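What follows is a pair of complexes built around chain A, which joins chain B in one and chain C in the other.
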Partner chain A sequence: MTSSPPQNARASAALANRRAVWPGRAGHGFVAAYVVLLVAFGVVPTVYAIYFAFTDSGNQFAGLSNFISVASDFRFLPAIGHVAVYLVCWLASLVVFVVGLTLLLHRVASQGVSRALRFVYYIPGALAGAASVMVWLFMLDPTVSPIGFLLRAMGFDTFGQVVAPGNMPILLTMIAFWTGAGGWIVVMYGALNNISPEIIEAARIDGAGPWQIARRIQIPLLRKWIVYMVVLAFAGGTQLFVEPQLLSQASNGVAGRDYSLNQLSYDFAFQNNNVNTAAAISVELLLVGLCVAGVFVARSGFFDAD
Partner chain B sequence: MPTDTKRRLKNPLPAVVLVLFAVFFILPVVWLLLAATKTDDQLVHNNPLSFGSWHALKANWDALTGYQDNAVFTWLGNSALYSVITLGITLAVAIPAGYALAMTEFRGRRFLLVATLVVMLMPSATLVVPLFLELNEVHLIGSMWSVILPYSFYPFGVYLTYIYYSTAVPPALLDAARIDGCSEVQVFRRIALPLAAPVVALVGFFSFVANWTNYFLPYVLLPQSDQFPVQVGLGTLLNDVPQFNPTVGTLAVQRPELALATLLAISPVVLVFLFSQRYLVGGMLAGSIKD
Partner chain C sequence: MTTKIDTGTRRSGVRHGRRMLVAAAGAALTLASVTACGGGSGGGKVADGFTQAPQGGGKLTVWVDSTRLAAAQLYQKEHPAVKLDIVTYDGDANGSNYLQTKVSLFNRTGSGWPDVVFSSQNNEATWAVSAGFAAPLDKGLVDPGVLSGFAPGANTPCTVDGTVYCLRNDLSQTVLWYNAPLMKQWGYSVPTTWEQYQQLGEKVATEHPGYLVGSVGDSYAPEVYMWASKCGANQVTGAKAVTVNTTSDACTKMATLLDTLIKDGTMSKSSVFSSDFDKNDAAKVLMMPGPAWYGSAVFQGTFKTPSGQITASPMPQWEGDSSPSVGNVGGGTWLLSAHSKDLKDATDFLTWVSTSDDYQGKVSPGYPAYMPAAKTWLAQQGASGYYAGDPAPALQAAAGQAWLGWGYPQYSQEAIWAATMTPQITAGKTIASQLPAWQTAIANYAKADGYQVTTQ
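This part shows the complex of A and B:
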C-alpha cells in the first residue's frame, strides 16, 4: 500500500512539471461550475450560520448569548449525551464487526459463497433513509416482528416498550449497522485482497495461525481504511436525524423528538421560531466536523493531495 | 500444522457467525416482501414469514394508490425528477472539476482541493437549517430547485474523479493529444472524458442513491405534500397508520400498505443495485489504493 519515497518524489516532480507545461485558464474553466456550487451551498450557508449564531432576532450583535441559551436549554446536554453514547456504540460495532466479518469472509474457501455473502450483507444498503426506519419499525414491534418471540422473551410486549429512550442507542446502532455495514465490508474485503499473498504465505510458513495473521498483518494493513471508516461514520453519526425523528413519530413521543442535536436544531428553528439558536447548534456541529476533518486530513495521509 | 480446511471443519464458529449475520441482514428484507401480501390481521396472526395471498396484495395496492388520490405515485415521480436532474448537474459539474484538479495547473488549485476534502467530511445535514435561511432569503423555498441545487453540490464525486484521474489515467496520453494540437477542452472531451466511464458510473451511482434516500433537506425545504419525494411521503403515510398514531382520523392506512409503499420507495435503488452489483464490488475500489 505504500511505495518507496524516491519513487513518490519522482512522481510528484513529474506531476508538477506536467502541470507547469500547461498553465493557463483552462483549469479555471473546468472548475468554475463546481466553485459556484461550493460557494453557494458550502461557504454561504456556513457564513450564514455564523452570522445568525452571533446575532439576535433583530439582527443585532448578540455575542455568545445564543450559544449560552443553547447550552442552558434543558434538552441540550441530554442530546449531546444521546449522540455521544450512540456514536460509541455505532463506531465500536462498526470496527469490531466489519473488520471481524471481513476477515472471516476472506477465509471462506469458496469464491461463490464469499461473493454471495458479501452481496447479502450489502443488500440493506439499498434501504437507506426513511425506508430503513420503516422496516425497523416493524422489526421492533413485537406484534408483527419475525423476531417477536425474542422481543417478548426479553420482556417487551409493545412497540412503546421497545423504543424506550434507554434502548435507543442500541436500536439506532442496529439500524445504522444494518444499512451501512455491508458497503464497508465490501470495501475492506477489497483492501484485504490487495495484501500480497506472499506476505501471508511467509507468515504461515513461520508458523502464524489465522489469528496471528489477522492481528499482526491484516489488521495493521487495513488501518488506513479503518480510520477512514471511523471518521466518515463519526461525521455521519453526529448528524443523526431521520431515524430518531421517525421513531419518535411512530411511538407518539416515547422516543423523544429532541433526542439528537439536529432534531433539537430543527425544533428551535421551526417549532420555536428561533433561528439564531438553531444556527448556534449548526455552528457547533460544524466546528466538531471541521476539527475531525482537519485532524484526519493532517494525520492520516489518506488525502495526500500530491 | 493443520491446514485451513481442517481447521474450519474442526471449528464451526466462523461459519455460524457468518450465517447469523446473513440472517440479520436479509430477514427484514424477506419479511418486508411478504408483508405486502398480507392483510393487517394476517400480519399479526400468521407466521411472520408466511406468504399472504395475491388477493391481499391487490387489495393493499388499491388501498395504497387510493391514498390521497395517487399520492404515492406523485411522490415517486417527484423523487425521480429531483434525483435525475440532480444527477445530471452533479456529473456535469463534478467530472470536469475532478479532472482539472488532477490534470491541470491553475491558481487556487491546492486550496480548492483542501476545501473539497474538508467539505466532503462535513455531511450536509449540519447545513440544512442555514440552507433554509439562505434559500428563504432568495425566495426559493417551496421550489424544487431548493432541494436540487444544494444536492448537486457533491464534493465526494469531485474527490472520486480526482483520485481516478490521478491514478488511472497516464498523463502522457493527454500530453500526446496536446502536442498534436488539441486545446484543453478538446483534450478533455476526446481523451479524458471517454476514459472516465468507470468513474462516471461510480459517481452517478453514489449520487443517485444519496439523492433518492435524502430525507432531512426536502423535509425542511418543501412545504407541500404534492412536492414531497417518496422518503418524506413515507413519513406522511406513517402518520396515518393507527397502530403507530392512534389519533389518526378517517385517512387510516394499514401496516401492509406502509410495507408496500416502502417496497415501492426502494425499488429504483434496488434495481440500480442489482444492475451495478458486479461492477460496484470491484469498482468501489478502483482508484482507492493510490499507489
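This part shows the complex of A and C:
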C-alpha cells in the first residue's frame, strides 16, 4: 500500500516553511498600522516643523534667527514660568495622589468596592479634553457651580476672582488631574496586581504593616510605571493649551491667551502670521521633552530587564 | 523618511513658485499685497479691482455670530433661490482671532474661505487685506450710491489706502443708559458731566447702597470710559505706527473717577455678561454708560429689565470740554472674500445684510451704520414700547461723536485690557496705579504685531 502525506499535513508543512521565511509576521502586521500612523502624524510633522524652524518665510535657511525671535519676545519668559510652575504642581500631585489612591484602591480590593471605585476614577478620563474643561468652567463659577458654597467660603464670589492669574497653576492642575489621573490609577492598579502575592504574604509574616509593605515593596516595584507616567505627563504638560485657551475664552480674556508656550506658538502662527517662529517653539518643546525623558529613563533603569 | 523630506521640500518649492508667480502678477496690477498670500484665487479675470476666482456659483457660505444668525436666516427666507450655507462662529469676540486663524489655514490649503463673514471686531481689515482675503468693495462690486449711504466715518475702519474692504454693521456709539422711574423716584437728575456723574455715584453709595452707576468688569471698559474721555491709549498714526499714552490727564482723571466709584461700590467689577452680574446686579442698575446695543441686547435681552424703565441720555462730558466725545464698543463689519466663486450673490448678501430695512432697520439690535436703515431703526426703538422715553435723540447725537483719536490697530485693545487690567482691578488694585502697566502691555503687543510704537 502506497502512502502519501495527508492533505492537512502538507498544508502544515507549507505554513511552517512560510513562518521560517518570515518569522513573527503576525507581530509585524499588528504594528504596521501604528508605524504608518506614527510616520504620517508624528515623524513627518516633526521633520516639517524642524524645517520650518530653521527657515524663513521665503523658505531660505535662517539659522537660529527664529529661536532668537522667540527668546526676545516679551511673552516668552512669562510663558516658560507659567508652564514650569504648572508642571511642578501637576507632576507632584500626579505622583503623590495617583500612587496613594492606587495603593488605597488595592487595599480595599477585598471589600468589594474596588471595581466601583476604578469605574468612578476612570469616568473623567473618558471625557474629551475640551469637554472636561467645559465641565470645569461651570464648576469654577461660584454663581452656578454645585460647589459654589465652597468657593464662596474660600472668598471667591465671582468667576473673575477664581480665574485670577495667581490661581491658574492650581486650577490647571485640578483640571488636568481630574481629566487624566483616573486612567493612570487603573494602569497602576494593574501593575500592583502583578506583584506576586507570595512577596506580600512573606512581608506580612515578617511583621510588615500596610505602610511598610507599600514603602518597601509596592512603591519600589511600581517605580518603572511611575517613571513612565512622569515622562508622558511631563511631555503632555509642556504642551499645555486647551485648558488655558478655554479658560481665556470663558473669562472674556481675563485668563490671557498667551499663558502657555503652545498658546504663544499658536499666536505666532495665526496672530502674527509667523509659522517659522511658531515652529521654533515647537522644536524647543520637543527638545526639552526628549531631554527630560532621556534623563528619567537613564536614571530609573526603565529598560533594564527584571 | 528621506522620501518624506523630499516631498515636503518639493511641495514647498511648488508653493514658493506659485507664490512668486502670483506676486509678480499682483505687482503688475499694483495689488501685490492682496494676492501674494492668497494662493487660491488665481486663474480668474481681473475685475472690480482684484483678481477674481473663476465664477462657478454654487452654495454661498456665510459665517455669522449667534446674534447675526437672524440676519442670514432672514436673507434666506427672502431669497429662497440662493443656496446658503450658514455657519455660526464666535464672531471673533474679544479678539479671539478665530477668523484670522482659519483664513491663514485656508490660505495654506488654497480652499475653504467663507464667501461673506461677519466679525464683531472693527480691525479685521488690518490683516484681512494683506492676507488677500478681503475683496475691495468700492472698485465696482458695491454700488457707490450704497457706499455713500453709510454714516460719515462709519467705514473708516474698513478703509486701507483709500480702498473700502468691508462694510460696517452698526456704529455702537456709547450713551448713558439709565432707569428713568428710579431716577425720578429718588429725585436725581441725569448727569450731563462726568463730575456730576461721579457725585451722583457717591450719593447713590450713601443713599441706596447696592445700586450701580456702571460696570468696569468686562473687556469693553476701555472703549466705554477711556475712549469717551479722549485717553490716547490707541492713537494709530500710520499703517504700522501707533502712539500710546495712558498717563495723560484725560486718562488719569477717568481712572480716578472709576476708582472712586469702585471703592464706593457703585461701579461693578463684574462683567455685565457674567452669571454673577446677572444674578446679583442686573436688577440694581441705576445708570450704565454703554453702546447703543446695550438697550435691546443687554437690558431687554440679558437682564430682562421690564419695559418702561430704561432709556438713554447723552454720554457725560468733562466740564469745560467744548467738543463732545463718546466711545464705541464693537460695531462689527461684514467682509467679502476675494476668493468667492459667486461674487454676484455674495455681494448681494453683503449689501442686503448691511443696508436692508428688513434686517438693519427692524431686527438688528445695534444702531445701523447705513443711514436710511438707521432712521427706520430709531423709529422702531421709539415705537417699541420698551423704553421709558425715546432713546433716539441721545443715540442720534452720539452717532457722530466717537472720538477720532482712538484707532483700529491689528491687536485687540479689549483682549489687552482683559488680560492686563481686569485681573488687577478684581484683585483690588486701582486703575490709576495700573495705567503705566497698561501702556507697557499695549506697546508690547503693538511691537509684536510689527508696529512702530511711540510712547509719551
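Just so we're on the same page, the second predicted complex is superposed on the first by the 246 of 306 C-alpha atoms of A that agree within 3 Å, B and C clash if a C-alpha of one lies under 4 Å from a C-alpha of the other, contacts with A are read in each partner's own complex, and residues count from 1 in each chain.
The working rule: contacts are C-beta pairs under 8 Å (C-beta built on N, C-alpha and C of every residue); 3 or more make two chains touch, one makes a residue touch a chain.
The shown structure was predicted, so the numbers you read here are calculated from the model rather than taken from an experiment.
Trainee: Chain B or chain C: which reaches more residues on chain A?
Mentor: B
Trainee: Which partner does A:157 contact after superposing on A: first (chain B), second (chain C), both, neither?
Mentor: second
Trainee: So, A:242: does it touch chain B (first), chain C (second), both, or neither?
Mentor: In the superposition, A:242 contacts chain B only.
Trainee: Does the superposition put A:262 against chain B (first), chain C (second), both, or neither?
Mentor: first
Trainee: Which partner does A:194 reach: the first (chain B), the second (chain C), both, or neither?
Mentor: The answer is first: A:194 touches chain B but not chain C.
Trainee: Considering only touches as defined above, state whether A:59 meets chain B (first), chain C (second), both or neither.
Mentor: second
Trainee: Could you say whether A:37 touches chain B, chain C, both of them, or neither, answering first, second, both or neither?
Mentor: Touch partner of A:37: chain B, not chain C.
Trainee: Report for A:253: first if it touches chain B alone, second if chain C alone, otherwise both or neither.
Mentor: After superposing on A, A:253 lies in contact with chain C but is clear of chain B.
Trainee: Please indicate which partner A:72 is in contact with in the superposed arrangement: first for chain B, second for chain C, both, or neither.
Mentor: Neither partner.
Trainee: Shared contact residues on chain A for chain B and chain C?
Mentor: On chain A, the overlap between the chain B and chain C contacts is residues 44, 48, 141, 143-144, 159, 249, 251-252, 266, 269-270.
Trainee: In their complex, what parts of chain A are in touch with chain B?
Mentor: Contacts found on chain A: 1-3, 8, 14-15, 18-31, 33-35, 37-38, 40-42, 44-46, 48-49, 52, 97, 100-101, 104-105, 107-109, 115, 117-131, 134-139, 141, 143-148, 159, 178, 181-183, 186-187, 190-191, 194, 207, 210, 231-232, 235-236, 238-239, 241-242, 246, 249-252, 262, 265-266, 269-270, 275, 278-279, 281-282, 285-286, 289-290, 292-294, 296-297, 303-305.
Trainee: Quick check: in the complex, which residue numbers of chain A touch chain C?
Mentor: Within the complex, chain A touches chain C at residues 39, 43-44, 47-48, 51, 58-59, 73-75, 141-144, 157-161, 164-165, 249, 251-257, 266-267, 269-273.
Trainee: Quick one: which bits of chain B touch chain A in the complex? Just the residue numbers, please.
Mentor: The contact residues of chain B facing chain A are 1, 4-5, 7-8, 14, 17-18, 21-22, 24-29, 31-32, 35, 43-44, 48-49, 92-94, 96-97, 99-101, 103-107, 109-110, 112-134, 149-150, 152-153, 155, 158, 171, 175, 178, 183-185, 188, 209, 212-216, 219-220, 231-232, 234-235, 238-239, 241, 243-246, 255, 258-259, 262, 265-266, 269-270, 273, 277, 280-282, 284-285, 288-291.
Trainee: Could you pull out which chain C residues touch chain A in their complex?
Mentor: Contact set of chain C toward chain A: 1, 4-5, 8-9, 12-13, 16, 37, 90, 94-97, 100-101, 104-105, 127, 131, 217-219, 269-271, 273-276, 278-280, 414-415, 417-419, 422-423, 426-427, 444, 447-450.
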